[in-house]
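To start, I am sharing the structure in question, which I have written as structure tokens.
For reference, chains read A, B, C, D, E and F in written order, and residue numbers begin at 1 within each chain.
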Amino acid sequence: MKDKYTVSPAPHLHDRTSIPNVMWNVVIALLPALAFAVYYWGWRSLWLTLIGVVAAVATEALIQYLRKVPVTVYDGSAVLTGMLLTYNISADSPWWLPIMGSVFAIAIGKQAFGGLGNNPVNPALLGRAFLLASWPSLMTGNCWIRTLPHKLSESSINGISNLSLIHANLQGVSAKAYDLVTSATPLKVAQTLRDSSFVNTITTDPATNLDISGKMFKSLFDMGTLRSLFWGNVGGCIGEVSVFALLLGAIYLLWKNIIEWRIPLFYIGTVFVLTFLFGGIEGAGPSILLPFFHIFSGGLMLGAFFMATDYTTSPLTKNGRIVFAIGCGVLTVVIRLVGGYPEGVSYSILFMNVMTPLIDKLTMPKAFGRVKK
Amino acid sequence: MRLKTFPGGVHPHDHKFYSASVPIEIQPLPARVIIPLSQHIGAPSAPIVKVGDEVLAGQKIAEAGGFVSIPQHASISGKVTKIDTFPHPSGIMATAIEITGDGKDTWVELVDDPNFLDLPTQEIKDRIAAAGICGMGGAGFPTSVKLSPPADKPIDTVILNGVECEPYLTSDHRLMLEHSEPIIHGLKILLKVLNARQGMIGIEANKPDAIALMKKLLASESNLSVVPLKLQYPQGAEKQLIYAATRRKVPAGGLPMAVGVVVQNVGTAFAIYEAVRYRKPLVERVIAVTGSVVAQPKNLKARIGTPFSELVAFCGGTSGEVGKIISGGPMMGFALPNLDAPVAKGSSGLVLLNVKEASSIAERNCLRCARCVDICPMNLLPSLIAQAVKGKDLDLALKCGLEDCMKCGSCAYVCPAHISLVQWIDTGKIRHAENLRAKK
Amino acid sequence: MSFMKELTKGLIKENPTFVIVLGMCPTLATSTSVNNAIGMGMAATFVLVCSNIMISLIKNVTPDKIRIPVYVVVIAAFVSIVDMMMAAYVPDLHKSLGLFIPLIVVNCIILGRAEAYANKNNVLNSLADGIGMGAGFTLALTVVATFREILGNGTWAGLRIMPQTYDPMLMALLAPGAFITLGTLMATINLLKEKK
Amino acid sequence: MKFYLKLGLILLAFCIVATALLAYVNSITKPKIAAIKIKEAELAREELIPNSAFEEVTVKTGKDSIVYYVARDKATKELKGYTFTAAKIGYSSNVKTMAAMDKDFRILGIKVVEQAETPGLGANCTDSTFTKKFRGLTPDQLMVDKDGGKIQSMTGATITTRAVTNSLREQIALVKKDVEAKLAALPAQEVTP
Amino acid sequence: MTLNMILVTLTASLTSQISVPVIILGAMGLVFGLILAFAAKVFAVQIDPRVEQIIGALPGANCGACGKAGCAGYADSIVHSGVEVNLCAPGGAAAASAIARIMGKESGSVTKKVAVIHCSSGGHNNTTWKYAYQGIESCVSAVNIAGGPNACSYGCIGYNDCQKACPFDAISIDANGMRCIDLEKCTGCGSCVRACPRKLIDLVPLNRNVYIKCSSQDKGPLAKQVCGSTLPCIGCGICSRKCPVQAITITNNLAAIDYAKCINCGLCATACPTGAILDLLCGTRKKAQMIDELCIGCTICAKNCPVEAISGEVKKVHKIDAEKCIGCGVCIEKCPKQAIKTAD
Amino acid sequence: MGVLGQIFVMAIGAIFIQNFVLARFLGLCPYLGVSKRLDSAFGMGMAVIFVMTMASAITFLIYKYLLVRFDIVYLSTLAFILTIAALVQFVEMVILKNAPALYKALGVYLPLITTNCAVLGVAILNITPLADGSSYNFLFATLNGFLSGVGFTFVMLAMAGIRERLALVDMPKSMHGFASGMILAGIMALAFYGFMGLKI
């Protein structure tokens, strides 16, 4: 017999979950997207991811060591931050970009507030916002596409797969404009088409103007494009392009009960509804395929399943999570349709992170059997 | 058919296999018993014997110490040897009466009223009160008090709690299988006393044999029914059980009678039956002695006051290194420093865990993963309450539901950061009580 | 001796930016470059010294009820003077400091010192306090600006510090960079204090 | 009563003194500031079309009016071109550009005189590397390459580039219209005004 | 004349440039002054004079550093909600003490009390454990689980709730894990007293230096068995008998000192068989020394000496036995002729 | 675009795009100082909205009908701050006397506002020509004051929410107080960048 028994408060049983278990499972769920990235952009995307992860882990370990608190990098949360940060930059970025982002994300975004669980906003997204504000030309330039062609056939570039068909029908479309359309992410194209000054440069006849932009716009959301978007045959950041790979991971997480359905469902649902209602342009009316274009493109899948669901920075309350997700959806659509950036996922999540404490406050649940006064 | 249940809750492995199929055995008479004066909610009982007094089994040795209190009875015959502080099954030290047995087990006189159901209501209530019955499902609320609801709160439903949602425990299960008739009689007595129109027995789906048996026995009773319930902890908690069985929500801070319901444990029903029919005081109960390091896990009918060490000895001792001793179930029970404490009226189980099961992981920062929020059967914000208590912001803790927590432990069970949520909440409750006292 | 103490306390011990944390707006807005920082610092110091002297002179003739309006008028007068003078003599600096010159009026440091110090002390000490606080403010601004300019532009006071290949971290020059730089500096100062 | 007056008068006194002081400083600095403004503008014009005398032309166009300067050689009084300022909202500020063109409305040079764009991005528009690109362009070439024109946009700052380019093009159009209208109105022998 | 001309033109231009603004701003000043004066009269409200005083003592920067709404808000909170006086960063220590003066007028005369922990165990290696506790490291929380992890159910649990509660950092933890109260820093605020779930802490006048370092009400043998530090009070009553001023009483097996009576002699500490009494002055007390010239032999000292260290005949110079003298100073206090001093 | 549309655009601009605190660096001292708790942040916010609206209206009138008319715009700073100081003090006295409950909730924040550069800032910005060369009329100046105050309050509340949350967790000691406040402000400013370039 032992000389002293353990005495501890109830409950004396525990579920098998633990922080490392949760985090490493999310890492696993993110791997398919990495595989697709390597397939489309080559090994560089893997190297960049590794660099980002190592930088994040090293920063976390160093700060914890200096603060003389237990070093907990094995729990995988820093790995996740590094990974998600790198997923949000282009495969063509210089090697130091993920390092800068990861260091900032971990040091300022997470450890400054005491580490895991205390950070007010999503560290990876903060890192991305930092990179975007610091090196906008690296984050928004045309580098997104350069690495693509060696894998993709000319006609499917950027998912504007049958644009060439339309092209044949368009009288007076300058080669210049065509180039533009084929050298950016789908969302960038959508933004450009929405910008009237672009169309004006193609032809001076207002009637054909509408026709051309409408036709080009429509090609964004025909089945061919959607198929490319689904598989990831488009330009974009390392981890965001393949809806298929991300959904695989998302299903895994939902099955493992690691993420909860409210945030992804309401986020994607909001984007779906709003883009259906407001996503069109003059000359290309509403279509049920248009919202699919929006939910398949950009970082929405990555954001909705992997970043908006980040425990620490999303509301605790169930209703709060719904408010949060709808907020993310509305902002994403606002930024995509009328904002300065073609894509709004990261900023909308970041913004809603900031609102999270207020949302929690306003959606405090009432206890079982308690009536609201 | 979809089984009934309540919102929230968790699904721990039930570990009932250790003792679920072991029939109840009689624990040998102990050489001495320790009868705590506080085995129930309310004022402690007041001793009416002195050291040196000879007592018979079933003899009253302490009186109810107030309206919400119960009398205590000697569970063996012998001599009062000490009235002092003794270990209590909740882990603390508390006043108790020690009786050293004479080995003869001489009883006070018992009666037999086969027509007990025809007794006048008041007589039934008196017998229950005199028998010193308190709830045997855990909370230990004096049963006679529960049975005297104010006139403006008519009771229409009595629910027998045969849920036994705590993992490991099997005493109620065995009782339902082996003493089903008396339990049903107990339920009928309850219906009569409370003038209720329907009776239910709530049983979780992991006890199909008990469900089948009870169903069979109740087939002819139009106003009695069995409610099979989905396996979900804490199904046995009063408010959750009421909701699952009747869809009624007991108001926060309120009692079941506010929605016309009284809940009693099946063991309590059994004790009521014995008290009313035979005037037999509550001096023994069934307790499950189980866990990975008990050599032969058993369900024992033991006298109140029997030291736990004797139960373990009767189960063949231990079969490995004991890490933790739990009085009650593992979700809400108390860890004990040793086996000196005695069986009390509310002791439903004694669980011995091995060293590995007893070890716990250090607490980390809350991740805000909201698992605890999602499963809290009371719909509270456990993580925030804990943080608020930690950060000394009791107002916030209260706003998040400090007072509504029933300490079921579900939140701490799921927390991936291994935060002792219940203990924090408990600490908050203590501080809050202190504050209230200070204000007065 | 007291004069010296009054003079130096603003530099470190009671630094208006890092320790008292007042006058944050100009600190953040004008610390994009060391030149701006020094310009702003000098302008604020001038106002601080003048208003401190003036207020310690008039402290006995101002009834309590209109104390704030009177002080504000005094300060505003000096600020407007600086504003016009700078527009006339250093137009470039004036342009880049923009809105923040008139806002020196409400720079919490100035009214703060007026109320907290000049209001209660004699002219000489108020002068010392003004100079000290002004110097402290300028120093703090310069420190912040040093980090921001080097990181965000690769230069210090216009001189190239970082190699040509350095791709500047633009955020340092933007609003978030201002906050984060100052926040990090404050945390560092706290750390150093803890160590001691 | 005395109490009211006392407070009022004290505040009055301070206001008077302060105002008087300011008025005095203003009287000194005002001309200086004005002079600096004019000088700056002149210097800028001079830089764009050297050795010229400038003549201000104000044209009413509806509610607003445009101002441009006609430049003539100081010595020969020969028409050298026009200067004007154009402005448009860029990324985060109003971008004001001063430009000069020759008498055929080709750009001689431009100078961004006022902007508060992002340092390192839009703010690069003041660089000569950027402004040089405009030299010699005709109004219809004044368009960002992405829109089909000749101006290659600054990295990460298309919006600023557009603001500069488009403001110039639009302003040139206005100036051109006015100049041509004036020319048309003039008798033939005064083709060179 | 020319001078006059210049002057005239100058003044003319100056007046036109200066008089207009002066008149306008002057008028504004006058109007605002009048309005404010008027408002001050009409809307005058009586407020607690201490608030005004504190506002006066504060720097008036209205910086909000205190977390309150400006200096007036802070002053109000001090007076009406009992907020601490040392939150003003710009004002620093000077302001804090000034406010303390304003606020503390009534309590100024009270002798300073400091906290004393009446337990000598609770450290890493002087506590007997009942079980291996796993849970929140807080005394209140731990005491709630099976009665607390330490064997003595009266003793210190050692999770430092008192230290965490002290707003002045007066409690530190030594290498042994014991809590040490810094008598300089302790303000006697009593936060620790309220925090300790075992009620081990008590406020004692600063000038009393002998403490019972135990709170156990267990009977002697049990107390000895469970006490990890082997310094328990066993309620034997020896101290109470030894005390020259009857300051010690035993209740529930526990000695307690009445500090109104205690004279700091430290006799009890030397007498205690278990060492449960801590005498801070032990070893530092200076022995008494007779100034022979002044002694008139009144015998008062001898009668009062608790250890019978003084002997002598009436009207003869008395002698102090340095061996026996414990330096309690009773004789010094009692001697009508100031004939006894502390040895140097 | 109708007047309502213009107001909407102004509101979005003042709250999200050109937020006083996060983009214009105005009103930082109270933003950092009074954002530790939600209730005080709310009180301060309401007080700022009130004063900014009043001050915008009055200073605009003074500017238009006194300073411009008599060609003494160089006195704007002096005249504005005098007005604001007197206004704040006056309002404070009135509220204290007539609505003590309101004073408790809001009045105590008033003195803080004299030194809040956001108020003078909005007064000066109101008379500064806009990017497109036009300038505000009286209605829009007042509205601008109001909406800027709303923007200020909005970020104050968000900040206070975060700080209340952080007050419960253990941050590194060196980050306590202003350091974390500052970094949080930076993070919020970054988060608000998403609204940059909104075309509405």
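A few remarks follow.
Basically, contacts are C-beta pairs under 8 Å (C-beta built on N, C-alpha and C of every residue); 3 or more make two chains touch, one makes a residue touch a chain.
These numbers were taken from a predicted model, which means no experiment stands behind them.
Contact with both subunit B and subunit F is made by A, E.
Fewest steps needed to get from subunit C to subunit D, stepping only to touching chains, is 1.
Greatest Cα centroid separation from subunit B: this falls to D. Chain centres here are means of the Cα atoms, and by that rule the chain farthest away from subunit A is E.
Subunit C and subunit E have centres, each the mean of its CA atoms, that are 41 Å apart. Subunit A and subunit B have Cα centroids lying 51 Å from one another.
Inter-chain spacing, taken between the CA centroids of subunit B and subunit C, is 69 Å.
Chain contacts: subunit E has residues 21, 24-25, 28-29, 32-33, 36-37, 40, 61-63, 65, 130-131, 134-136, 141, 144-146 touching two or more partner chains.
Within subunit C, the positions touching two or more other chains are listed as 21-22, 65-66, 69, 73, 76-77, 80, 84, 108, 111-112, 170-171, 174, 176-177, 180, 184, 187.
The set of subunit D residues touching two or more other chains comprises 6-7, 10-11, 14-15, 18-19, 22-23, 26, 30, 91, 118, 121, 159. Inter-chain contacts occur between A-B, A-C, A-D, A-E, A-F, B-E, B-F, C-D, C-E, C-F, D-E, D-F, E-F.
Within the complex, the subunit F residues that touch subunit C are 22-29, 32-33, 74-78, 81-82, 84-86, 89, 114-117, 119-121, 124-125, 128, 172-187, 189-190, 193.
Interface of subunit B with subunit F (complex): residues 365-366, 387-388, 390-391, 393, 396. Of all the residues in subunit C, the ones that touch subunit D in their complex are 32, 61-63, 65-66, 69-70, 73-74, 76-77, 80-81, 84-85, 87-89, 91, 152-153, 168, 170, 173-174. Of all residues in subunit D, only 6-7, 10-11, 14-15, 17-19, 21-22, 25-26, 28-30, 32-33, 36, 40, 118-121 touch subunit C in the complex they form. Subunit E contributes residues 14, 17-18, 21-22, 24-34, 36-38, 40-41 to its touches with subunit D in the complex.
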